[in-house]
Amino acid sequence: MNLHEYQARALLKAAGVPVPDGDVAATPSEAEAIARRVGGTVVVKAQVHAGGRGKAGGVKLARGPAEARECASQILGMTIKGLVVNKVLVVPAADIATESYVGLILDRKTQKPVFMVSDAGGIDIEEVAAKTPEKITRLPIDPRYGLLPHQALQLALALYKDWSQAKAAMQILRQLYGVFMANGCTLAEINPLVTTPEGKVLALDAKMTIDDNELDRRPDLAVLRDESSEEQSEVTARRANLTFIKLDGNVGCVVNGAGLAMATMDLVKYYGGEPANFLDIGGSSNPEKVVSALKIITADPNVKVILFNIFGGITRTDDVANGIVAATKQFKVDVPIVIRLTGTNEQEAFRILESVGMTAMNDMDAAVSKAVKLAGEAA
Amino acid sequence: MNLHEYQARALLKAAGVPVPDGDVAATPSEAEAIARRVGGTVVVKAQVHAGGRGKAGGVKLARGPAEARECASQILGMTIKGLVVNKVLVVPAADIATESYVGLILDRKTQKPVFMVSDAGGIDIEEVAAKTPEKITRLPIDPRYGLLPHQALQLALALYKDWSQAKAAMQILRQLYGVFMANGCTLAEINPLVTTPEGKVLALDAKMTIDDNELDRRPDLAVLRDESSEEQSEVTARRANLTFIKLDGNVGCVVNGAGLAMATMDLVKYYGGEPANFLDIGGSSNPEKVVSALKIITADPNVKVILFNIFGGITRTDDVANGIVAATKQFKVDVPIVIRLTGTNEQEAFRILESVGMTAMNDMDAAVSKAVKLAGEAA
Amino acid sequence: MSIWIGKDTRLVVQGITGRDGSFHTRQTMEAGTNVVAGVTPGKGGQLFDGKVPVFNTVAEAVQATGANCSVIYVPPAAAAGAMQEASDGGIPLVVCVTEGVPVLDMTTVMPYLAERGTRLIGPNCPGLITPGEAKVGIIPASICKPGRVGLVSRSGTLTYEVVHHLTASGFGQSTCVGIGGDPIVGTNFIDVLRAFQDDPKTEAIVMIGEIGGTAEQEAAEFVLSYLRKPVVGFVAGQTAPKGRRMGHAGAIISGSSGTADEKFAAFESAGIGIMRRPVDVVELLKARLK
Amino acid sequence: MSIWIGKDTRLVVQGITGRDGSFHTRQTMEAGTNVVAGVTPGKGGQLFDGKVPVFNTVAEAVQATGANCSVIYVPPAAAAGAMQEASDGGIPLVVCVTEGVPVLDMTTVMPYLAERGTRLIGPNCPGLITPGEAKVGIIPASICKPGRVGLVSRSGTLTYEVVHHLTASGFGQSTCVGIGGDPIVGTNFIDVLRAFQDDPKTEAIVMIGEIGGTAEQEAAEFVLSYLRKPVVGFVAGQTAPKGRRMGHAGAIISGSSGTADEKFAAFESAGIGIMRRPVDVVELLKARLK
């Protein structure tokens, strides 16, 4: 789960990391009030889960409260990479002497959180990483011992030559590590970490990703999810315990298992089609889940055909068949359904489907190519 | 630093460990008020750093507020093993079904905190440990991982067969471990951990020792020190940065280094004398420390002779000589002083002492046996 | 046995009385696996299905039954503790089926297990099966048959799909291992590939990866330098968008790294036979195994 | 060199610019030790006494100077971090002189150092000296002379007292090691005894213990089973009361265990020559070393 900048900033601030004054606003007049309070020139920043906000016009400079109101009214409601902006962050415009990058990432290879810091921070950090990786200092942290003083020192000295700035950075690194661990993050970064002309060190922007697997045991983190910034179909799917990701194609897919779901999408593409979604109904599925899945998929007007690909292991294929029958009784499905079922209880499943005049197939390739063909005919 | 029962209890309670109601009182009327509030029969317990309170009459049962007042007035001000009782804890008398022991001790051999639990708890736990050690379950805890769930379970099952009691114990073990680690303990024990006839698990008495080395960085723990319950000479010594322990003999000892100080006491005994104290002036001593040391020792009317044993390494023996001279100028020392100095700047030290008509020796055995002889003559 | 489990496996099931644990324990026993014990705290002393003794702790189970392998079906929040308990109880092979284990938990579980020399498979994995001998986890025994192909996969049902094609075309399996779809897993491709290389019963290897991370790329390098047996491979997620978690916590393309194209390219340069579709496994193996 | 330090020792001083660090560094250099670097964060680039380069971190110091031994004089709250830094920086022998290190800090320092194969001496110890070659710590070189007696002790000035008697009576020392008076120390009696047994330059051993714990008892058992060289021993604290910390954090008699009597008895049954007084060391060694 990605946090908005204002949420990440709040967690850092609570841990003691110096951040600029300012606050989040949902309306232009709130933005105006914040600008009035902080005074001077402010930056109005779209709060949205998408990179390249600046280039998309989602970050604006405002000289005073009136301009802040104006900027906020322009940004609020705009769409960046398909996502609507519902909130803006209003902060004083900072004078910047240097920009650094400080990130902490859960690394698969070392199986540890790894710090990445660079004194070449700012918006071009990905380019720095790609072209001059030697400018980035990487340091894995053993969570059994935490961030040790000499490690914080080593990282801080990679950022700053000035001793008082290095000491400030050590403190910020410790706080960032604390926030990462305390909130079950898989990523936490400050970019840029700036110094002001007076030599103060300040976290100007922050990004955080929380491990979805933490949310069940951490209701305090789960409430940070901003469903208004998500695809509504994905929100609905999550509430039905389905893993669903909307895509742009026209072949709706219902699959059990994440790997098989991806492979099914790939095979749709292989046979010349385009998948409309990723959808995993999970292992121990029941008929109601199938009903929910069909509801979500049929709500997408792009979908021209629905493809079931179920390999019954734990999943009972008769459960799936019953779900399909139940759904088609509850609401009308206007597009053709291609069904591939194999494995546990498949004979019973075939019988159930045949009893309502539906047919199923046994082979994945045959089912996928048929679905792609039907989608092509409907388009 | 040992905590009083009421202090240990407060730390456990703050961590969620179930303890009986009640509170600490410094006067009989406070004790009465507590007894009135909690109702029923109460126990009034002397708060003093000494074992065997019960046998010494420091723990009394009181049927109601009036009796509680009476018991408190008997206990407050009494002396147990040389220590004056300044406070009593007043708690409701609990019905007890079983008594267990739960302790967590910093173990030198495993270099870890070690849990020791036994379902044979209560006042005889030391006898259990000595005679039937197999009744005690020992489990070292790796602080890098903390107390793991299966370890808490193993310990809890060693205490209780009943599953709900075992679950309650798991929780208490986790809380006790948390308190131990969070407060820099070297020992934390609950004895007895009781079950009531209704099956509730309750910590009835607690004991805690905090590592003295934690106190510098933990002012919140340092304030828990109850100087009123200590030898005043030891309090004065600590404030002067001296390590001092009062003993019953008549040869006052001033030594640099803990090992040499113990060896000096041993040698006093070897030559037939009795040391009046342990006193370590530390490594980088200065003349003022020597003055403080002499003040503390001469305040003890038992002391018949003062023995200096200084091996100059880091310690400059001339500093010590200057301190002796300064002290004898500031106040009159009525008992003979035997001085052994050797090592760093010893010639200068001898000169300083001779300039005021004092003499020093070079050999430890000669100095100690002389001091013992003088003490014997004075006694 | 082929790799890691076989006729000598003595299995203890952690979470045996739970919904998933009891269901899969029955399946596992039906597959002929020697299930010697179950563990559910507070239920020690019971008998599961009238046959399998249930203990409060793994240590008790090991002492009483000589269990040498554990499978875990406890809820996600208890999974880390269960893995550590199994390891501390002396179990050399622990298979964690539980899905949804917080990844930070795994950062301390891994060194704990390493200190005790425990091999972990998973979490969030279907486990493994040596057809005809033993299964530990949830791979359906019905789709497998004994043979000479070793299979390793990050996925569940996609594995079954491939195994299904193998069995249908006459290729039996030595051992099938599902290593799991999480970012941190106890056993990676390389561990399994090495075991298959060293296993005389395994003559060819199928590797099924997916998007996210670089495990497949490292495995490809390892294949090039160490493996002397034919390998064919698939990568799921060619059509996955960037930055989205495709079900599995580990299946996420970050920036430009972890794509299926990148992984297929690594396979290609390591001489691994490329499966464009699951069904391709059959023809590729036929060409490589005479 | 005799054990652990000698002419090849290249010492880095952590906390070199502090009050204690600077004083003892000068003493150490006067004793002929090769002090190659100092470390004080924020003072990197300076020269200590115009000679010794100061670095911000141990890693930098090691890289620039090839330091192979570290001595620590930082304040107690920073000592754990300093030990871990030295270990992480690749120093194989770390001597922590700092007194007052919280013992819980040591419970995580020890496994950290063990994982990296670092030997720690201390904390709260006087360090060690190989007379005529090198000293690391605070044992006064002036009272020592090269020779064939190895000495190991939990104490500081008491060690000097014994060394003083040795030197005065003509017994030089191979190496003198002060292991420190804390409950948790990196190197214990047994480690040093084993090194002395294996050191051809050491012909007899003096062991100086004190009350608290069971380190002397375990050492006595080890002497009995492993040592083939004469050993004489002393235990300080025969007159110490129970339950009081006698200066050293480790010198405390708990219950009835850790008494000097108990330790002397263990010495006796291991055939260790009993020193009732420090001066007894001379006659005991004379009887054992011809």
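Note that the chains take the letters A, B, C and D in the order they are written out, and that residue 1 is the start of every chain.
Here is the rule we use: a residue touches a chain if its C-beta (ideal position, glycine included) is under 8 Å from a C-beta of that chain, and two chains touch if they have at least 3 such contacts.
As the structure is a computational prediction, the values presented were derived from the model and not from experiment.
Engineer: Hey, what chains does chain A share as contacts with chain C?
Structural biologist: The shared contacts of chain A and chain C, listed by label, come to B.
Engineer: By the contact definition above, name the pair with the higher C-beta contact count: B-D or A-D.
Structural biologist: Most C-beta pairs in contact, of the two: B-D.
Engineer: Whole-Å distance, chain B centre to chain D centre, using C-alpha means?
Structural biologist: Between these chains, centre-to-centre, one finds 28 Å.
Engineer: Averaging only over C-alpha atoms, locate the centres of chain B and chain C and give their separation in whole Å.
Structural biologist: 55
Engineer: Give the residues of chain A that touch two or more other chains, as numbers and ranges in rising order.
Structural biologist: If we look for residues of chain A contacting two or more partner chains, we find 144-145.
Engineer: Which chain C residues touch at least two other chains?
Structural biologist: In chain C, residues 108 touch at least two other chains, as defined above.
Engineer: Name the shape of the chain contact graph, picking from line, ring, star, complete and other.
Structural biologist: Drawn as a graph, the chains match no named shape, so other.
Engineer: Which pairs of chains touch each other in this structure?
Structural biologist: Pairs satisfying the touch definition: A-B, A-C, A-D, B-C, B-D.
Engineer: So in the complex, which bits of chain C are touching chain B?
Structural biologist: Listed in rising order, the residues of chain C that touch chain B are 41-42, 56-59, 78, 81-82, 84-85, 88-89, 108, 112.
Engineer: Could you please specify the touching residues of chain B with respect to chain A in the complex?
Structural biologist: Residues in contact with chain A: 144-145.
Engineer: Can you list the residues on chain D that touch chain B in the complex?
Structural biologist: 20, 23-24, 76-77, 99-104, 106-108, 110-111, 126, 138-140, 142-143, 153-161, 164, 181, 183-184, 208, 210-211, 213-215, 218, 234, 236-241, 244-251, 255, 260, 276-279
Engineer: Using the touch definition from the top, list the residues of chain A that touch chain C in their complex.
Structural biologist: Within the complex, chain A contacts chain C at residues 106, 108-109, 111-113, 126, 142-144, 181, 184, 186, 211-214, 216-217, 243, 245, 247, 255-263, 265-270, 275, 278, 280, 283-284, 311, 313-315, 342-344, 364-365.
Engineer: Taking the complex as given, what residues does chain B use to touch chain C?
Structural biologist: Interface residues on chain B, with respect to chain C: 144-145, 148-151, 153-154, 157, 163, 166-167.
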